[in-house]
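Each chain carries a letter (A, B, C and D) given by its place in the written order, and its residues are counted from 1.
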Amino acid sequence: MQLPRVGIFGASGYAGIELTRLLATHPTAKLAFVASERHVGTSVAELTGVEGPTGALRYVSYGAAREAARTCAAVLLATPADVSLVLAAELVSAGLRVIDLSGAFRIADAAAFTAAYGHAAPPAALQGAAVYGLTELHREAIRGAQLVANPGCYPTAATLPLVPLLRAGLVTTDSIVVDAVSGASGAGRRATEDYSLVAMHDNVRAYKLLTHQHGPEIAQSLALATAGLPVDLTFVPKLLPIPRGILATITTRLRAKSDAVELTRVLRAAYEGEPFVRVLDRPEDVDLHRVIGTNLCAIAVACEPRAGGRVVLVSAIDNLVKGAAGQALQNLNLLLDLEETSGLTALRRFHP
Amino acid sequence: MQLPRVGIFGASGYAGIELTRLLATHPTAKLAFVASERHVGTSVAELTGVEGPTGALRYVSYGAAREAARTCAAVLLATPADVSLVLAAELVSAGLRVIDLSGAFRIADAAAFTAAYGHAAPPAALQGAAVYGLTELHREAIRGAQLVANPGCYPTAATLPLVPLLRAGLVTTDSIVVDAVSGASGAGRRATEDYSLVAMHDNVRAYKLLTHQHGPEIAQSLALATAGLPVDLTFVPKLLPIPRGILATITTRLRAKSDAVELTRVLRAAYEGEPFVRVLDRPEDVDLHRVIGTNLCAIAVACEPRAGGRVVLVSAIDNLVKGAAGQALQNLNLLLDLEETSGLTALRRFHP
Amino acid sequence: MQLPRVGIFGASGYAGIELTRLLATHPTAKLAFVASERHVGTSVAELTGVEGPTGALRYVSYGAAREAARTCAAVLLATPADVSLVLAAELVSAGLRVIDLSGAFRIADAAAFTAAYGHAAPPAALQGAAVYGLTELHREAIRGAQLVANPGCYPTAATLPLVPLLRAGLVTTDSIVVDAVSGASGAGRRATEDYSLVAMHDNVRAYKLLTHQHGPEIAQSLALATAGLPVDLTFVPKLLPIPRGILATITTRLRAKSDAVELTRVLRAAYEGEPFVRVLDRPEDVDLHRVIGTNLCAIAVACEPRAGGRVVLVSAIDNLVKGAAGQALQNLNLLLDLEETSGLTALRRFHP
Amino acid sequence: MQLPRVGIFGASGYAGIELTRLLATHPTAKLAFVASERHVGTSVAELTGVEGPTGALRYVSYGAAREAARTCAAVLLATPADVSLVLAAELVSAGLRVIDLSGAFRIADAAAFTAAYGHAAPPAALQGAAVYGLTELHREAIRGAQLVANPGCYPTAATLPLVPLLRAGLVTTDSIVVDAVSGASGAGRRATEDYSLVAMHDNVRAYKLLTHQHGPEIAQSLALATAGLPVDLTFVPKLLPIPRGILATITTRLRAKSDAVELTRVLRAAYEGEPFVRVLDRPEDVDLHRVIGTNLCAIAVACEPRAGGRVVLVSAIDNLVKGAAGQALQNLNLLLDLEETSGLTALRRFHP
């Protein structure tokens, strides 16, 4: 039997490399091409350490990749948003199914998009076709999608814990704060002094305060999953001197008397049977070591047991896996009608 | 001229060692004794790397230190809260002036204290004599104090940026979130697997959510500096895989139309002439490298320029200096009627 | 078809956990029990993050494990040397095949063993039965072994690059220096202040100079693979503030005129077809990122192209994989007559 | 009394910034100018965090600095070797005294220099005037020098421990290996992907094997201090994922029977009274924490107590202080006939 073929554009960034490594051991899909204008001719083995047939592939130009894409069941874009905009338009109109890991198609409102990204939004028709790919929340829509907007790392970490409590009407929506610390790979490959080891080591800073493009994405993601519940939130991202991982803490309040046990039960019910969400009892157990190297999102909640009581949700993901390449693979599996966990079950926690 | 003599109890924890190093080069005070039950007989040089006369001192027992304290102008306690409680009672009743770096005297309300610390609060008379030692805000009271409760690291980082805006009535008080990440030295010396390099490296976790003893201290510290303005806040502490530094982000909202320029101006006016507070224009510039090794608190603000607009304050301190030993020295200088910056001017930023 | 069953004693140290994770996805062997006196009753999922059937296993006592071992095709010991000594004696005499990850059976000479380990050497008969398990060099002996002494991490990193050049008579043997830096997991789980993040972070130190038990093991390992060539070496181990990985640099001299190209060719010929050894052209490419998370040993050589010219070999391994659990699995596969790479092919380079 | 004035060219690299910070608190010399073509007009405070009068200085062009230099008692060059070559020639011929922190004047032999640095050596007359500035070993020559070649970081760490044992004829000279691990600031400011946090974190690699320019400098430095004893050494440098510090281990052998106690005694006698060398009893105590932030070189020795016994020397320095700016200040003090420790006594160990 012929395995479905897929290709990657932009295969040399951190997310592209992670995707390549995941697809290299995917048992029911075949990586047919990897495109990188910067590395044309280089072998995949050299950049990624992947061995075997996938390692023997060589990066091709975007031009060559456009040809190769025709034989593919789906194409993944790990390109910057402005490049994704152009490529997706072209590939979709050629009838191909596309999963885009950039932010190009994540924000439906054109004005909000332009404010966040600083350039023109996608054509309305194309944007209208895009399905927001937070797998656990939009699984059925993703299965049939022509174009999947794979979620941002922070929005994934913020949406999964909040949505079940919002849907159940348990927490207030008017002054949510999402504070999240991220490893440096979240900022992408960088060749500047600011991102050098000497400048970043032992250092922490908040960045893009009140202007980060994931702020409106989180708001939209919550609205999308709660039938438009108007959520007012403040997003505070911080950069850590570690390579991988996001830990988000989300503060809100109870609308009526409840407690951590009930909130945990609601979260657990919402994600029962989910292969990649783990609801834990103790917030201290939601640490980065638990998720780094895996496609898991770990969640727990602390709560003052009274009406109006403070609520703190904690969630953790590996920004390059559940926050990027891993979730893209989940979505690819849905598109291709494969087992959703295919290619993701062998991922192992890395830290001792 | 005879320099005033001071002594330290609990001189072998991180704060005690930092204090010892600072006092070793203090030009107008003399470290007369260092007490550590665990290290009696060991030289200060061995534990701290300090050379010269201070390095030649040897740790003495608390018993011996009680004797030595009689000749001192002031005594610093870098002991756990329960030990400080006993020592301070005894030393104060012997007429000595005491600066306590633990939390023993920071929370005036006895019930709140017991809830936070899990043991009985100080006797009311003693607690009543304690002055909360956030130097910039309570300078005059500190000068005359018999007992100074040196502030916690998180409360220092949270109070300094917020107070001027609260005093000016510029921001709302009903749903403030203080999120703060801290280096591991903030948790004190630890000999457990949880605090081993392998367990902590590349890891982050939130801890003591809604129960951390610095939560009520921050609330009280804000109330104290704002004539009892009722502030409702959520405190979210996180532990980082680095040794030193605290970065706090504080979210609130504008009460009326304003902007970052005005808020910055108010902050700058409040701290004009302060030797250890720096108000910066850009929140991204408030990073740990700017403060580690120094007694500085760096502050900046981001703001949506409309009534009700989101406000994010950022502050950074070295938790062992401005968050502990450095501020204790500021307070000691006030007690002893020395130049407030004495012994603190040679501190240098450590990172390149 | 029934998969061969295996068990692990000492399953809660770093090597034991790594072994457990590897066996959890081993396609042709089944982990039947995990024994840990400290964690009896705890689920494997809780300690290791492994999910599925292996995660559902619970740690059993050594007593219970002795029973369970009877149904196993082989048993792995990830116990301290003194415990391994006792367990291996018992299990081998019960007819079981054993792979021991400690140093208990690595040093054949009883006096050298006692000098290195500080306690009595194994009984001569048992020691005589032990095969030194450096897979690439002793594959055939391992296949038939009753007891495999799985090599130490440093000896693995030192032996693989040196042996082909020693066998070919290309380098001198009289003053070899093996300098190796290791991540902290190499020292095992530690709950002391010395191994805390604050004490180790940004720190490096040499340790056990001229007394480290891997010094004689390296010498014996080289002798074993070179038919007793008398090698005189100095071993210098250093501890790094990172969790994983060993980088070894080995200095010696050319016996006759040669160059890096020839030495590289000899190394490549020696390891042609080896699934887990990679000979690279450039020493700078042999870094930890290339091997962490994998069972690979990467090797390269620098050389002054003249008789007597200086030679520096560089090698890198993941100390917990090729330096411990991964190599143990290679050996287990040989014992059980499985594909040597079984359970090791899905390992992926971790770093972006 | 007028303090002697000094200036710095190349004040924006790591060594230049460290120098600036040190001179800012120098009690008996005054920093008159800082020159940086890249940062003309920027304040010293902005780049270095230094406050007060030195912080208020602004970087000037090299042209303006040439003028300002005329009023200075000495000038420090923290410029690349090729720039130092030109500047030193000009400044020396204008009668100024110069301390150069680059490698431009460290290697006396022109052919060896060109092999190491890849460009033409200094004019013989100028090179002839240069004094190698390893303070402890060439103090008197430095006092009278017109041009001081401030030593490299690795050569400082390698020379100080070896010289006393070589002078005493205690160790062999024919196969010394100097292995040294260094923090990333040793490679200077870098804005490339290779030096990014994500690329370097948790990574280690050897680099410039057998070609590093500090190899011949170490050989010459040893020869210089031992009246030309012909020393044959191999230098193996490795780059660590930390910002600061060098730990060197040096292997050689005893010429006659001796032991660690005797070697330690010889080292201690050699450096008795030295303000910045500390000979310790135990090699494990020579770690980076002991020296980072200070101008100290810590040294200890391990030894097999028999003729021909292996010897391992360990030394540690802060590469930016004793390995660069701190030693430059020691030398400056000698040039200006100031107390040698002036400006260096307040340096404190940084780590808890």
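Everything that follows uses one rule, which is that a contact is a pair of C-beta atoms (placed from the backbone, for glycine too) under 8 Å apart; a residue touches a chain by one contact, two chains touch by 3 or more.
Quick caveat: nothing in here was measured; it's all calculated off a predicted structure.
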- Chain whose average C-alpha position is farthest from subunit B's own: C
- Comparing A-D with C-D, the one with more C-beta contacts is C-D
- Message: With centres defined as the mean C-alpha position, give me the subunit C-subunit D separation in Å.
- Response: 39
- How far is the middle of subunit A from the middle of subunit C, if each middle is the mean of its Cα atoms, in Å? 37
- How many angstrom between the C-alpha centroids of subunit D and subunit A? 47
- Would you please write down the residue numbers of subunit B that are in contact with two or more other chains? 14, 185, 198-199, 202, 241-244, 351-352
- Given the complex with subunit A, which residues does subunit D contribute to the contact? 14, 184-185, 189-193, 195-202, 241-243
- Item | Parts of subunit B lying in touch with subunit A, wherever the complex brings them together | 175, 177, 179, 181, 198-199, 202-207, 209-210, 234, 236, 238, 240-245, 247, 249, 251, 253, 283-284, 286-289, 292, 302-304, 310, 312, 314, 351-352
- Message: Give the list of subunit B residues in touch with subunit D in this complex.
- Response: 14, 17-18, 21, 24-25, 48-50, 185, 202, 243-244, 290, 293-294, 320, 346, 348-352
